[in-house]
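Each structure below appears as structure tokens.
You will see two complexes here that share chain A, one where it goes with chain B and one where it goes with chain C.
The block that comes next holds the complex of A and B.
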């Protein structure tokens, strides 16, 4: 996996800006479409990217999402500056959430974000440093592309 | 409605007396089914392309969710009023935002009666 990506994009994410949330994911979706990625893969990446973006918006001060499109896969990296995740295993539990009440009233923070991402991505890596932030790495194999 | 025939957003709006508030460019989209939820993550996980989404959420993020999940339209029910920013974003993304004074329960029942599955 050391070949150069054919397309590389970075999009910033602003923490606490609930209503701007989704902008980075929408831009990313456009980039995937321009790169002729198939619709099924675009959907999986979009759903995951949105969930990751909203996690940054809900919990962190700021962050960014990076997409690299290869011939056989799409890789997403999301990193933020924020409090980090205290217990990653707990955060992966469907329904568990530490989102503020104001966010839940708006339909965010249902505790489905990370489980949703896990269900969509072919590979998922997550690292957190308390008081610094979270780094998420996702790999989506493109459909209709052989491994060779 | 016969199996295989298709129903479109504008047809649904007309027959259920839904007001079209924004995203008129998307009114010709086909409706493949519907879902009803106020949790955005639930919609992301369970919404299918072409689904109509019934909700009482009114903020602009619902447009992002609809666009990313490839939904056909958003129906804001129970007389809730979509935010101005929501309407602007819906126009940008061509996602129809419709409103109804009726509850999600009633709108869903009427949709089912129209043959939406």
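The block that comes next holds the complex of A and C.
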């Protein structure tokens, strides 16, 4: 396995900056396209990244998303400074949500975030420390290299 | 009535635009006419073929179930609608109930190249008319249009 990432990007995420929610993910989508990642992989990565970004926006003070593009896979790391997740197993249950009311006004907060991410990623690791924050690690195997 | 509120239109630059084989039978322009919708951020090419339609106010549902090049019918008028449409590579967004769109949403749509229209109809009426006109539901778990035939 080629361990040198060909492309590395970092995008900051501001907690509670609702109007900015999704910007990091759309920027990352453009970076993936520039790196000639195939469309199917781009969509899976972007959907997961968007849900993870909205989790940071809605729950945490701040955070960042890092993308590393390898020849065979794309890895995403999302970390935040915030309250953490009290019960990860519960948070993975479709429909369970601890999101504030503002989340619903943005079209999120229905308890589908982490389940959606799990459905898209090939590997998912999540760690939470109460009062410190959440670290999410996702791996997406590339389905082919774009011929563009 | 169609009013052109903004001079710039959206030119989509997509590598995998919808082929004739995939088309549902409706173009974006025809869908806009059926919904008596007005331009908010008009598409450069109203002749774009739609693969289908998905309706939701919950963006997590769009992220989970919608498919690319389809039309999104929604009552949610925030930047997140546009960002979701961009992430999912949707053809356009139709806002229902004649809701006003904030300038931030319009700016986001121009930035992400997502056309937006506004219809006075309710979401239920809009979906009913589009389905009646032959625009198929197109979501994960539902066969693609060519498989219906």
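Just so we're on the same page, the second predicted complex is superposed on the first by the 142 of 148 C-alpha atoms of A that agree within 3 Å, B and C clash if a C-alpha of one lies under 4 Å from a C-alpha of the other, contacts with A are read in each partner's own complex, and residues count from 1 in each chain.
As a working rule, contacts are C-beta pairs under 8 Å (C-beta built on N, C-alpha and C of every residue); 3 or more make two chains touch, one makes a residue touch a chain.
As the structure is a computational prediction, the values presented were derived from the model and not from experiment.
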{"item": "Clash-or-fit label for the pair chain B, chain C on chain A", "value": "clash"}
{"item": "Which of chain B and chain C A:106 touches, first, second, both or neither", "value": "both"}
{"item": "Touched partner set for A:47, first chain B, second chain C, both or neither", "value": "both"}
{"item": "Which of chain B and chain C A:15 touches, first, second, both or neither", "value": "neither"}
{"item": "First, second, both or neither for A:116, with chain B first and chain C second", "value": "both"}
{"item": "Which superposed partner A:23 touches (first chain B, second chain C, both, neither)", "value": "both"}
{"item": "Overlap of the chain B and chain C footprints on chain A, listed as residue numbers", "value": "18-19, 21-23, 25-26, 29, 43, 46-47, 50-51, 54, 106-108, 110, 112-113, 116, 119"}
{"item": "Residues on chain A engaged by chain B in the complex (per definition of touch)", "value": "18-19, 21-23, 25-26, 29, 43, 46-47, 50-51, 54, 106-108, 110, 112-113, 116, 119"}
{"item": "Touching residues on chain A, where the partner in the complex is chain C", "value": "18-23, 25-26, 29, 39, 43, 46-47, 50-51, 54, 105-108, 110, 112-113, 116, 119, 146, 148"}
{"item": "Footprint of chain A on chain B - complex, ascending", "value": "38-42, 44-45, 49, 55, 57, 59-65, 67-70, 85, 93"}
{"item": "Chain C residues within the chain A interface of the complex", "value": "15-16, 57-64, 68, 74, 76, 78-81, 83-84, 86-89, 104, 112"}
